[in-house]
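As structure tokens, here come the structures.
In what comes next, chain A is part of two complexes: it sits with chain B in the first one and with chain C in the second one.
Take a look at the complex of A and B:
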């Protein structure tokens, strides 16, 4: 019990350190970018030199990096992430508007991929010579070879421009299908390999010998035993979607965190970049922790 | 026995009594698999195109012909022209060169940064290794595309900064693999023997362990290369590529997207080439992995999405 508590505490401490480290790293990187938000505004709006200097002082950009960083950290601990340098609204508001879009896109794509991968792997294990079985490799090769933004472009061209079925921007269906196929391709191959491997186990032979229906064997015995692999791959894909949705969001004009990050970096909007990175780091760490936990629940044997 | 086997394979469970090799090759004689030949042929085609294409084609990828803008493919322009009347085929061939240079350069940079950092730190001492891997964990907590994006903006657009950004974004993979291989090798008898003879850890690393660690690194490089090329085109597509007038494939796609209705070929041709190249490289990567490390050929962690 004590060791369990210690493990949990160490994990939390590590996660906190990781979030802090990423914050410092991005803080330094972002300020190493030549030109700041005022420069970008000056090019766009035509500010004089003295106006720009006054603006910098007003935004707190003239203080030393260390002062800026402590100020930002203290604010973040109080839940204040500062104001966007370009849009003059609290960064937290922008982030709160964007997060549901990204979450919806990520969750829908992940669910699509998960269901598709499990279904294909199940059928492929039951009927290894069927058409569905070859889908395992087709999906896997698709996800490796076709970059999502290329698939997205072709889909826009065909479905929106040539056939006119869907609007070009703000449409959710196509990115969900493309990301879902991508997720399915990554999950299905290792899952199927694992299920094939488990099919040779002694207890499966016993189940077959006592005349259990193959469907019951696959669903009731093999799939639960393959759950750790399924969960591990799903967790990996979920963590990668946190950033992977970026291109799809920009391409399909979805106002999510990815679009926000892209605009923030281009506009040198320091508080916004910091906030987006903080969110992404926390999300990635949270997903990894949840994957760990879920894996321990389905497979309580100690590691090693 | 044979009836049992027959039934077993039909209902999905590999029979217990048959040798694994026979099952895998279906009893046929061994020959080069199609995917290997296909991958080799496509990659060879693109490498030849990148090396000699700009000379063979004879068209200038930069010369504009404003009277012949957005032309569909024809005899004069096999892949049509873009919005400035530039020949798409010659830009594609010229772009193949840049795409391959950036991809291979990024992988080499990631290999040097990632494996170099982790192996040196591991050989010098566990404390340094802990510090270095702590730092690598920070890098890993950021999505690769976002990290590369910030790095390119910080370093300024240009061929070398794209290569460096890709190298840093992909370096953690090499660092982790190098650490795993290092740990495996350190447990081997020949390392104990070398240590007993008084060899330092650094000497053990470059004299004895390096050849064994190298295989794992080469495998990873083959797997990472297509991802590196795709990431480069994503960055170019987001407007952060090599430079506005250098035609990498991602840049060509990005430039052609606003006019996709009038000139769909200017988008489709580079998209097709990019997908074909990544497909071929991915197939080759699988074979490299199977050849270098036959036991782990079916390893699930082949790829993580950015």
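Take a look at the complex of A and C:
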């Protein structure tokens, strides 16, 4: 077995390789989409052919892909992500404005889903034949069957247009509830299955033999034992929210990373797309690393 | 005087496709304060369920016979509400289980688990409970009782884990301790220490105990009274001395005889047709390292300069505590562990020449049977499919066809062709182990490594397996490397014994010499810890003793 230091180095090297791979792939893919930023501007602003060509040269889009990529990589390594082709401001500024919105939306939704999933799984384990126990499957099927944007559209229709309770744009509460339900549905099923399984473990029988109350057994013994599964599922959902909240942000007009990505792709704003993707890749890798670390903290046993 | 615990007509059944199956049938017994009742039986006799029923911890699918009565002090436990029963678990009756590792919560410190138990049954602060836990750890004989509570179960040895379980069971100052096979998973020397601890705790605290085990020798060393269970029914009960000296039922006579027979060694007839038997196995200064854990860890030496020889038709017993490296030697021989240095020669071929890997022809000649027959058979393969595998992987085609060879092989181990279509879960543990042995013998190996192959089996089945191996030895000149910790079993089968301690072979001689006149202090400790039927059963506590403890 390799030492801890080597393990950490291998992990970092692997992460760097992954980020590089994603960057290359996105670099090629965005340029494979027909039309570039100047085409979009030309349609919008009525540029002539020669004006457009001059603009392309000015933005550096006439250079070969390899040269463009090398230039971008060298910049990124220095911390310079370039300037937006459309907004003419550094993409880093745009990104820094958008990240807090996405983080707030993701954190609030994740917290809602986490609390809901844990509460439902706890009650369902304690009272397997109760109404709450059937919520496990209802939430799970909800999250699988109903895409968040569908629920979002219906919510806008009902609460904003028909009932007039909430504004259509800039609303934070409805997307948090919709994403929270989605997260709860994904987390609650595996968590409950694990807790049911653990209920038959020999050490849970020991806890019963001590004379502990069932609530204390479920909260103090079964839930800690299920923590690795809970953390793994929460990590997966968190990673999906970093980019996956895109439709919610666009639908409810929240100026987060998702909206930024949407606008960047529509405008063929290559530097902005690349910066957003770089952020997403690093964020997902960080979340996975944090999940691993948290799992190691709750389970003191050595691996293997 | 009314008994402390009075069990009447206890009946337990499980639902099955065609009606209920009775697993415990009208079992009755009494237990007085300070006494120990031993419940003996083979697997499936219902002894563990009887113990679990006392704390009402039976599996959810189990059904109690409505006529069952469990009277403890002033109440019938079966009439209590769940909340009232809870208050008696841990304080009236406490329980310790067979597998200490599995019985402790793996993610909580042992201190926390004991503190929780103390605070459940006594009104005290967390700090006071910690002090009490340390006192209990001390009473249970754990080292460094003030700080061991911060450890997690996996950081403790099996014996220490069981001591933690005992401390936890004592946390509520129970009257009755139900011990379900508390030492079965432990080494013989550790078993002796735990049994001593239980005896002294019982004397100090005046505990009544229900001691459940499959091992007659262990039970007789602990119990005042014995109850023998078979298929859920009491076949015999009485004082330990009476049951041992004059067993009434044929079943108990068989159990006693089986245990006594283990003490006698059979001289297997070594084939004399070969004057100079072939050397099947030779180890010279063999070392095996395992990689260490954690950052900057050094490799751990599992086997240190081990030297052995084993000729065709001979049986060598390799004994030692768990962690002594005996299983590692077995693994190294069949190529499952890579030696660091030294020589390992199989049938004259040095294994190092092949990069420590066994060639196909060598795998045909060296086979291994492992301890756990439950894990060694693929649950989705029928017995026939499992037995065909050696022919497929080794590319063998026996002269009369594979199927007839399989049937013959099954018959050799005392099973018939009716087993071919069954799946492993439809077989008992003993039958499964015999299938594993049949599978290992399919390729007609010259060397068979048996790694604790009978420790999971009941005494009567142990014999069938051991006798089978002895027959193979005589008939085919099979060489046996028999790894185990049960010296009675080793005495029964082995010509020579090698004793291992912390990776080194500390003593090696013919079996009788090692067992009757052990030279190395560690061998002496191993042999002294062996439970024997002749151990004096504990005498009935007299009334003076009891009165003294009641007033204390």
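Please note the rule applied: the second predicted complex is superposed on the first by the 298 of 304 C-alpha atoms of A that agree within 3 Å, B and C clash if a C-alpha of one lies under 4 Å from a C-alpha of the other, contacts with A are read in each partner's own complex, and residues count from 1 in each chain.
Operating definition for what follows: a residue touches a chain if its C-beta (ideal position, glycine included) is under 8 Å from a C-beta of that chain, and two chains touch if they have at least 3 such contacts.
In this text the structure is predicted, and so the values were computed from the model without any measurement.
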| item | value |
| --- | --- |
| Partner with the higher number of touched chain A residues, chain C or chain B | B |
| First (chain B), second (chain C), both or neither touched by A:167 | neither |
| First (chain B), second (chain C), both or neither touched by A:224 | second |
| Which of chain B and chain C A:253 touches, first, second, both or neither | neither |
| Which of chain B and chain C A:5 touches, first, second, both or neither | second |
| Partner chain(s) touched by A:149 [first = chain B, second = chain C, both, neither] | first |
| First, second, both or neither for A:208, with chain B first and chain C second | both |
| Which superposed partner A:100 touches (first chain B, second chain C, both, neither) | neither |
| Touched partner set for A:298, first chain B, second chain C, both or neither | second |
| Common interface positions of chain A, toward chain B and toward chain C | 205, 208 |
| Residues on chain A engaged by chain C in the complex (per definition of touch) | 1, 3-5, 201-203, 205-213, 220-221, 224-225, 227, 298-302 |
| In the complex, chain C residues that touch chain A | 55, 57, 86-91, 94-95, 97, 99, 102-108, 116-117, 120-121, 152, 154, 165, 168, 171-172, 291-297 |
| Touch list for chain B against partner chain A, complex | 9-14, 16, 134-135, 137-139, 141-146, 149-151, 153-154, 156, 226, 230, 233-234, 237-239, 253, 257, 260-261, 264, 267-268, 271, 274-275, 278-279, 282-283, 298, 300-306 |
| Residue ranges of chain A in contact with chain B within the complex | 18-19, 21-22, 25-26, 29-30, 32-34, 125-129, 141, 143-150, 153-154, 156-157, 161, 182, 186, 189-190, 193, 196, 199-200, 204-205, 208, 214, 218, 229, 232-233, 236-237, 240-244, 246-247, 250, 261-262, 265-266, 273, 277, 280-281, 284-285 |
